[in-house]
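What follows is a pair of complexes built around chain A, which joins chain B in one and chain C in the other.
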Partner chain A sequence: MATVTAAAPRATLPGILKQPVVRKLLLLALAAAILVPLANARWASGSWPAALTVDFSDQLTKASVWIIDNRDSHPLFLYFFGHISNAVVISVRAVYLVLLAAGWAGVTAAASLVAWRVAGWRLAAGTGIALLACGFLGMWIPTMQTLALMVVAVLASVVVGALLGLAAGLSGRMDRILRPVLDTMQVLPAYAYLLPVVLVFGMGVPAAVLATVVYAAPPMARLTALGLRGADKEVLEAVESLGATARQRLLTARIPLAAKELLLGLNQTIMMALSMAVIASVIGAGGLGDRVYQALATVDVGAALAAGIPIVLLAVVLDRVTGAAGEGLGDEPQPNGRARWVYALVAAVTVAVAGRLLGRLDWPEAWTLNIAEPVNRAVGWMTDHLYSGVPVIGGTADWAAHFTTWVLDPVRDTLQWLPWWSVLLIVAALAWLIGTWRTALTAVLAMAAIGVLGVWTPALDTLSQVLAAVAVTLFLGFATGIAAARSDRVERLLRPVLDVFQTMPQFVYLIPVVALFGVGRAPAVAAAVVYALPAVVRITTQGLRQVDPAALESARSLGATPAQQLRQVQLPLARPALLLAVNQGVVLVLAVVIIGGLVGGGALGYDVVFGLAQGDLATGLVAGVAIVCLGLMLDRVTQPTERRAKKGA
Partner chain B sequence: MRLRKPVRTTAVVAGVSSLLLLTGCGAADMTKQASPFANAQGAKSVTLSVQSWVGAQANVAVAQYLLEHELGYRVDTVQIDEVPAWDALSQGRVDALMEDWGHPEEEQRYVKDKKTIVPGGDLGVTGHIGWFVPTYFAKAHPDVTDWKNLDKYADQLRTAESGGKGQLMDGSPSYVTNDKALVKNLGLDYQVVFAGSEAAQITQIKQFAKEKKPFLTYWYEPQWLFKKVPMTEVKLPAYKEGCDADPEKVACAYPHTPLQKYLNADFAKSGGEAAALLKKFKWTTEDQNEVSLMIAEQKLSPEEAAKKWVDSHESTWKAWLS
Partner chain C sequence: MSTAPATTPGATSATGTPVFSVDGLWKVFGPKAHRVPADPELAGLTSAELRARTGCTAAVQDVSFDVRKGEVFVVMGLSGSGKSTLVRCLTRLIEPTAGTIAIDGEDVRAMDKTRLRELRRHRAAMVFQHFGLLPHRTVLDNVAYGLEIQGVGRAERRERAAAVVAKVGLEGMEHRRPGQLSGGQRQRVGLARALAVDPEVLLFDEPFSALDPLIRRDMQEEVVRLHREEGRTMVFITHDLSEALKLGDRIALMRDGRVVQLGTPEEIVGSPADDYVREFVRDVPREQVMTVRTAMRAASADEAGSGPALAPDATVSEAIEAVARTGAPARVMEGSRCLGVVDHERLLGVVAGTNQRKEVA
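This part shows the complex of A and B:
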């Protein structure tokens, strides 16, 4: 992978840029020539030198024990965290009670009518069907629990995100402080957020909601700031010349102008909150995620799917409805729009009351459909027939073993064999070539921090899995993306598949890959590839399709074959999109490789699972910080400066 | 720029006041906050913690079935590993832990010092952890059942994950284990490979068994899988009281542990019939295995499995209700 990222930009850089590249490399070589002998003389070892590590485990263990002992007595907890926790519990409970009081008919009616008003009758029907499907799968109560948790988490994220975004949108200094923080928060695997909140709040809903807020608020903040900053200068001047005060300007011009970004932010926040609400089942969130988690404990793919489908349905519905609301924003307001809202409200209340009077609040048990058994039978057949000993191509377990011995082991051994300073040098070179000296410095410091924390070896193990998975993902993703960009039919076929795959909870991927590939690093890599593939395919397709048609036309008129068009026109012109695909691929792969600790992926992911499972927060937190550093390093190494520059403008 | 300050102060004021409004003034003890999903709509409800192994699911399934159908409770279950479950139990976010394999440190902290958790009595099942090889392998090589001979078989037990050494497969990180220390202190040519979860470990064992391949695994009794894949325990140096006191220096077998139930202290006092039932809940290894096997092997839902067991063992559970 290292060669993939490095080679691509270097080979395609235009001539003018060649010289800075050479200069950067020369400078780096010079710095290395001075520093490496020094470092090597003092701490000669392949792995990170023990003299340079700091052991935090004692302090962390003490801190964690202190928190547990003082949680019910110390003022900090009684008067601050206690209130936060209490507020979360009360609000989630309130929403949950409202949802239960409305009954399944009331909730379905209300959701469909809201969808009808903001997104049209098609999506309204979709929403209704999706909610009924949750009931048919026997998941009504868990769905409502997840929904209650989501409502509170999304509201809190939106408030926090909008306030931060407002600050960043109005003040240049706040923007400069917040932007790198928010950028970084978006690339971190969700798993890393769980430990600190558990440390303070303990297992349960409050911790889950807070982790969700921390995870889901950044996109709202980013897009709010972006919208406020992007407002048309001329409109603002016109408003100012009319003598509007700053407050009026904000309320009547800047915020309405930013409405599209605000709704996009809401959409992203909802999607991220949903994915986190599922992962948070590891820390006692309850609801649908917990059903998936429980099913995984018994290798019950069918039951996991029964809980996974409602999650996917919720995700698709929420995504489409908020997306449609954003698109319909600029349209003319419909006549008597307000009256229709009133009809909708009255209808929803009527259905709820009718449901109540008929005593049909709970989903009737006779209406549930058991999909677990047929699914498990199918999975059983797959395991029986594809695992091993298939003639000619070999079984999936054989592939996994080969992948481990021929790809994962050599990559890991090479990384761990490389002297520590050379790893830092490679990181510096890659990050500097693609970015600025600042990004290079961040990347190197992040990598060094991993060494200082004393988890150098497991971190390189995780890194080797990430690299292998990214290589496979990019290979498959680019191939599929090119196919989809060239053929409308392929794209139409792929679209629903990609939609579903992108919203599936990461957990659901784990058990089928274990069934197919056994336990170890190979299944972790496989799950990561499946998870990251849709985003890579999508970005590649979009990038290729957005290539200027005029350029393609002229190439065609010059008699270029389709292969030549692709290689010489489309791919070079789509380079920013391809680089973005690499970046996204790396970030997503890391997120799942970490969760792969649950299926024998070992390394850092295992340490986090271990920390959560054993309440050994020292191990977990150190691994969590290392994951954060690894994510930061990987992002900086793959994030081209063009993107950064555009954002800064 | 001029706007920044008022906005921020309003936000702070609004935030703090809404917090206070929601929670009332004064102290808020987060260790006394139940799950928001508990007791919804005036239903009497109990929250049980489930651990990730099937035996624990079996306990909870039967308890849940009886609570719901005999006593009219609504039961929520939450999947939490053992150690975090102690913390959640102490905070009252779950009401009961049905199967604990022995956590002296937590017992000291929560039961003796903080008194937020009270023992709920024996589960009636005795647990034992050990190293196991499949019986077909033990029959072919009878001397493998002594740890001293394990090194002889390291070659045959090698996998892609274990590098040049033999593989000792461990399961979930949440389980009680000394295996890394054992391998080191007994000087064995083995590598501990963590499957990461029990689900992953079971899948792997079944695959090995189907191909009659040899393997060495961390495993425990009672466990329903023994009925599907017969396994023989490898003898480790005998367990003596206190030989596992220092986790770094352990060089002896695992003890036999009578599994315990624990209840949240408040729930034990005011939990009424539910608390009484959970305290009296006591069954045998055979009972637990019967339910486990229905859940894990016949793929019945825990509720159906519990119903089957309850229908055929009336005399056992009637005693818990009296």
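This part shows the complex of A and C:
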């Protein structure tokens, strides 16, 4: 963009018109010149005109009341949703009972041995220690509840995702239908999925599991399709030349060839499922997420941390073990591998039986370590000493207050002060400049839909938080990314940190920011920044490092300084990666800003939480749809012409 | 060409139906491809004109040839000449647009799915440029794959595969994965996989293009050896002229989807059909391709009785060596009969390329 504005004054008039950017802007200005006076004359108003809103709350309330009234009698529920609901409850219950029956020793042994076979003894030790740590923190039971829910949700997600992926991988038409849907599902904040399932299933485990499946199945479907489609054409041709039937081709060639993508899909599905299983505590998932949720509601940071640490440990262990399974794929099969699996199985069963015989099924009370109190004392000390009044640098609460006063408030007020049509115009211009007229149209329609839903003002509030968080994220992310791209040492230091941060569920980030900044909009923004930063840093670093070495070398041979190399070669060539970083940053920030509604972020996120808490599903649903629209709009506005690989991981 | 004597008898003695018989074959890619071969006006256009007129690309245009039993039939052309499309049409990996293909007199284009699968399973096996191996299987299981597809039992197919693995010189590597092999070794696996199903015809699609020159020579010799031992019919696609000359009993030279010349290596080098072919073979060392049969002249009475003796299909370079050693013209002998002689003048004429055309013509 910089080059364009710099070049424009020097160019002659036809030259200017040749620039696609200028042409797009001129067209847009023309459209605006006609439409804006018309709109302004009819609905002059700073905020979204009331004449253009449609109130859905009556219908939604009616629908939700109807569903609640008919849940036990209508055939749709009796013979369809009821069965699903029962099946989910029974299977979660069954897995939970099995985990309890195996006892803590049995579960730890089984998990460690599986990790040993799949990923080596190091990760096996890590797995064992992580599970024991969950016990020490007094979180064994909630951990098992979360695990039980995860097992069922992941199995269902994998089955659903693999079937969809198989369909998309084998049929071009299915691929064309599914791809945009899956793409869009992947950019929507997790919160948006909660309300529709609650509407149908009510609060509780079935709703939580189904929300998790809806959230976690898309990556499996995407990667399955990708793997099936990406198979080496010549291998498939060779298989066909030998006279394989379609079934033989699928089973002996296409699926094995896609094994890497399938395992990556499993990995992503598990991570997303964990993330959602924790968030779904707001709709009755129970387990670790519920402990965090309850603790945050009373600003009990110690209790939140005690439940948060097991979540992080689970996330890291699950990610590393499934990731290692994918990496170890092409290796030489170990001799007597099958025998070792048998040993592992026998050992796990022995430990479980021994635990049972010794009567040590439940985690021994004496072994728990109560960290809540010391943590709360530490937080109390921080509140007293670091919150405000620290000489020279101020305090964390002061920073939060300043950030709110000097950044968040002005941005929000400006957005809300802007005439509604100018917001639409800005959205259109940005989306069109970065992407195509299609993305621009989608973005404008999504934004307008928010107005029609009557949540224009809270949506702009959320948007202001997103903008502030994105600005901070991009500033920090690009700076760190550039540093990491230029220095191997910085990258080596950053990598393990990024690895851990990228695996943590969104929910967990709320705990430290509440400890540091209290509640309000600033902590929500801070959590969003921390959550989105790793992906932005990683994509930036990769993009800069993948710049054609020949181009860089030729610049160096011409005597360019490091700064010139960066500005004139690396950044322009890495433009697609940087745009992707912006896109991912926006999507990730939005997800957490919405969750920030739990810690005083207000706006749309709060409406969802409020709707759930008060049983006012209409408010929640409208907010949920608005979140979807906002997510869609933000994604389309920042979507480069060609969408690259998803997710920074 | 030292192997030519070993292979030619097999090729020439073969009578009866050819293995593959291709007649008027077309493959057109693009919208409404079928109208192109059917319309004489469109069919007469060159590829570029056709693309401009209809948006269609004619990869193979009106190609006809027979592959005789036991011969190595080489299809040679630069990239984009349609040779890879042509070989895929033979087993309908690519569906031809028009024309007929027969294998042992049976119409390939009329085959139903089952029959076609039978053809691919038992009668024609293919070796690919980038090997097309399954990376998750061991060498042995890759070689046995064709048999597995046919439903051969595990023990039997492994036994048969092991024998073929030994035949292509990969003993001891049965349990490696393709990723652990060098390019040459991988192509040996590809070759073994095709051989394992014991096909009537082997199809090679530029099998050695991706290999280093030295490895490539090894592999070419491997193919020559296999052909000498088994006498299997082979259709060999290549863009490398020296490879074509080395392996081919007959060569079809393709350009822009059409066969511009079909003949023995000697005919192609000795009497190019047009300027394109002439340009193509210009740098070929003629003395290594041309035989004394074409280079000789009639012997005078005294010449017929003395001088070194050569077989009629000895190459000119062998004759040069003999003539240079003895200093006298060499006799071309078939049994005890003298067919003619080659002297300094005739041999130099071949090397210089001055007398060949009128002689052969």
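Convention: the second predicted complex is superposed on the first by the 588 of 649 C-alpha atoms of A that agree within 3 Å, B and C clash if a C-alpha of one lies under 4 Å from a C-alpha of the other, contacts with A are read in each partner's own complex, and residues count from 1 in each chain.
What we mean here is this: a residue touches a chain if its C-beta (ideal position, glycine included) is under 8 Å from a C-beta of that chain, and two chains touch if they have at least 3 such contacts.
All of these numbers come straight from a predicted model, not from anything done at the bench.
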Touched partner set for A:Met203, first chain B, second chain C, both or neither: first
Greater residue coverage of chain A in the superposed arrangement, chain B or chain C: B
Partner chain in contact with A:Ile371 - chain B first, chain C second, else both or neither: neither
Partner chain in contact with A:Gly302 - chain B first, chain C second, else both or neither: first
Which of chain B and chain C A:Leu97 touches, first, second, both or neither: first
Touching partner for A:Ala238 - first (chain B), second (chain C), both, neither: second
A:Ala259 touches, of chain B and chain C: first, second, both or neither? second
A:Ala555 touches, of chain B and chain C: first, second, both or neither? neither
Which of chain B and chain C A:Leu445 touches, first, second, both or neither: neither
Chain B versus chain C as contact partner of A:Gln248, first or second or both or neither: second
Common interface positions of chain A, toward chain B and toward chain C: none
Chain C-facing residues of chain A, complex: 232, 234-235, 237-245, 248, 252-253, 256-257, 259, 330, 332
Residues of chain B that touch chain A when the two form their complex: 1-4, 7-8, 11, 18-20, 22-23, 27-37, 40-41, 50, 52-54, 57, 76-81, 83-88, 91, 93, 109, 114, 116, 159-161, 169, 172-174, 193-204, 207, 210-211, 295-296, 299, 301
Chain A-facing residues of chain C, complex: 88, 91, 93, 117-122, 125-126, 128-136, 145-146, 148-150, 177, 179-180, 190, 193, 197, 203
Complex contacts: residues of chain A adjacent to chain B: 68-69, 71-72, 75, 77-79, 81-93, 96-97, 100-101, 145, 148, 163, 166-167, 170-171, 174, 198, 201-206, 246-247, 250, 281, 283-284, 286, 290, 293-294, 296-300, 302-303, 370, 372-373, 376, 383, 387-388, 397, 400-401, 404-405, 409, 511, 514-515, 518-522, 596-602, 606, 609-610, 612-616
